[in-house]
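To keep things clear, I will list the structure first and then write my remarks on it.
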Amino acid sequence: MSTEIQETTRWHGNGKTHGARSGGSGVIVHRLDIETTKRVEIRDLTTLVQDMVRSADVDAGLVTLSSMHTTTAIFINEPQTALLDDIEQLLERLAPRGEEWKHNDPRYSDCDRQNADAHLRAIVLGSSVTLQVAEGDLVMGQWQRILMAELDGPRTRQLVLQILAAR
Amino acid sequence: MSTEIQETTRWHGNGKTHGARSGGSGVIVHRLDIETTKRVEIRDLTTLVQDMVRSADVDAGLVTLSSMHTTTAIFINEPQTALLDDIEQLLERLAPRGEEWKHNDPRYSDCDRQNADAHLRAIVLGSSVTLQVAEGDLVMGQWQRILMAELDGPRTRQLVLQILAAR
Amino acid sequence: MSTEIQETTRWHGNGKTHGARSGGSGVIVHRLDIETTKRVEIRDLTTLVQDMVRSADVDAGLVTLSSMHTTTAIFINEPQTALLDDIEQLLERLAPRGEEWKHNDPRYSDCDRQNADAHLRAIVLGSSVTLQVAEGDLVMGQWQRILMAELDGPRTRQLVLQILAAR
């Protein structure tokens, strides 16, 4: 369940990144590369995001964490070990891997990953979360964590995080 | 279906709250404590949020309403009485309470609330909504309402609402 | 699968729209009217949104695209033809049209559209997406597209898009 940043790039879209860091304004963007290890896997990214927010020196604003993929998802819940198994069970219940999906059928589709279930599960879970920042920190409840669902791994997955400061 | 604010706190993270109120800029945050009365219950928070937006004196921007819990959800739809029953029926269909979830099984989990269904339903519904503000008001369709789903009550639930003004 | 703007209105909520266009600040709002042609239909709005973002002259910020309806949804995935059929199949699996929903039953409901399935499917898919803007363009992955699901058409559907520039 550990999380790693394989690469972090700070984009300088409008030249205001420095201002954002020192004065609580502007926008900061991080690109995260996450290496997953299984076909279906749920990763806790909270500490990673929290560290980025804290080091951003932004008093208040919004944080948006977006998956760049159609077979991963980002959502909020509690990564208790037994519950993570239940989430995988829920996904299998909602969009079973073995169902006769057209996306997996060479008569209808040129996709060779046979990953219809992964797309459908990603749609149900959602591709991004938008969280609040207040007093320089993420606004989250005691048990809430930011989770990434790998649904068709293992692969290297790219996420993009934007911290938008209020003025 | 009535909604009440049990407590509203205006946070002063960056000292710009006053500016936000009087000049249409900055960020305003409200903490909402909502007392629910049943295990599963859907509450309409639209009027509450609308009042907060209107009193914020913000011309344009975004409003983010976030649950601080892993067994409540925030979503948009129409709280017609018959449909509310259907939504509960949908949730039971997607994540049945009586299923043999590991989170409810003392062999795998130390959670004594037996609330796996509530976590799973919250994941499907989503933990927050982000809405647009234009001309000082929420941008919503005629039948759209902001709904909170209590999924493991009754309890006092905390939500946080942020109004982020555009500049 | 083609998309059309039937009408686009630029709102001038705070008189800063011009600044937004020319200086990379403020907020720009577009109202989109989309005519759908079937009861259930998934439309790719990416090019439309991309064009609006590019012409907005905003370096960095957020884009929120919101449905104004309780029986349409906005989500992110890949509109491969076979997969679109699978998404409709998933929706039928999660909230079957023929189920005995109370919203469709005259004993409990005055709704004459018999569209409980459409409401429930919209709740699962979500009513809006919030995307990042960086370097003047949408931040999206190679296969990601912005999709609108018509769930109770054909009708003319209204969406509202807000581009919020960071400062």
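Before moving on, here are some points about what is shown:
Chains: A, B and C, in written order; residue numbering restarts at 1 for each.
As a working rule, a contact is a pair of C-beta atoms (placed from the backbone, for glycine too) under 8 Å apart; a residue touches a chain by one contact, two chains touch by 3 or more.
This is a predicted model, so every value here is computed, not measured.
Where subunit A touches subunit C, under half of the residue numbers in use are shared by the two copies, so each contributes mostly different positions.
Overlaying the C-alpha trace of subunit A on that of subunit B calls for a turn of 120°, given as a multiple of 5. If you average the CA atoms of subunit A and of subunit C, the two centres end up 21 Å from each other. Within subunit A, residues 62, 94, 124, 126, 130, 164, 167 each touch two or more of the remaining chains.
The part of subunit B that touches subunit A in the complex is made up of residues 11, 13-14, 16, 25-27, 29, 62, 64, 66-70, 94-95, 101-103, 105, 108-109, 111, 116, 119-120, 122-124, 126-128, 130, 158, 160, 162, 164-165, 167.
Interface of subunit C with subunit A (complex): residues 24, 59-62, 75-78, 80-83, 85-87, 89-90, 93-94, 124-126, 129-132, 134-136, 139-144, 164, 166-167.
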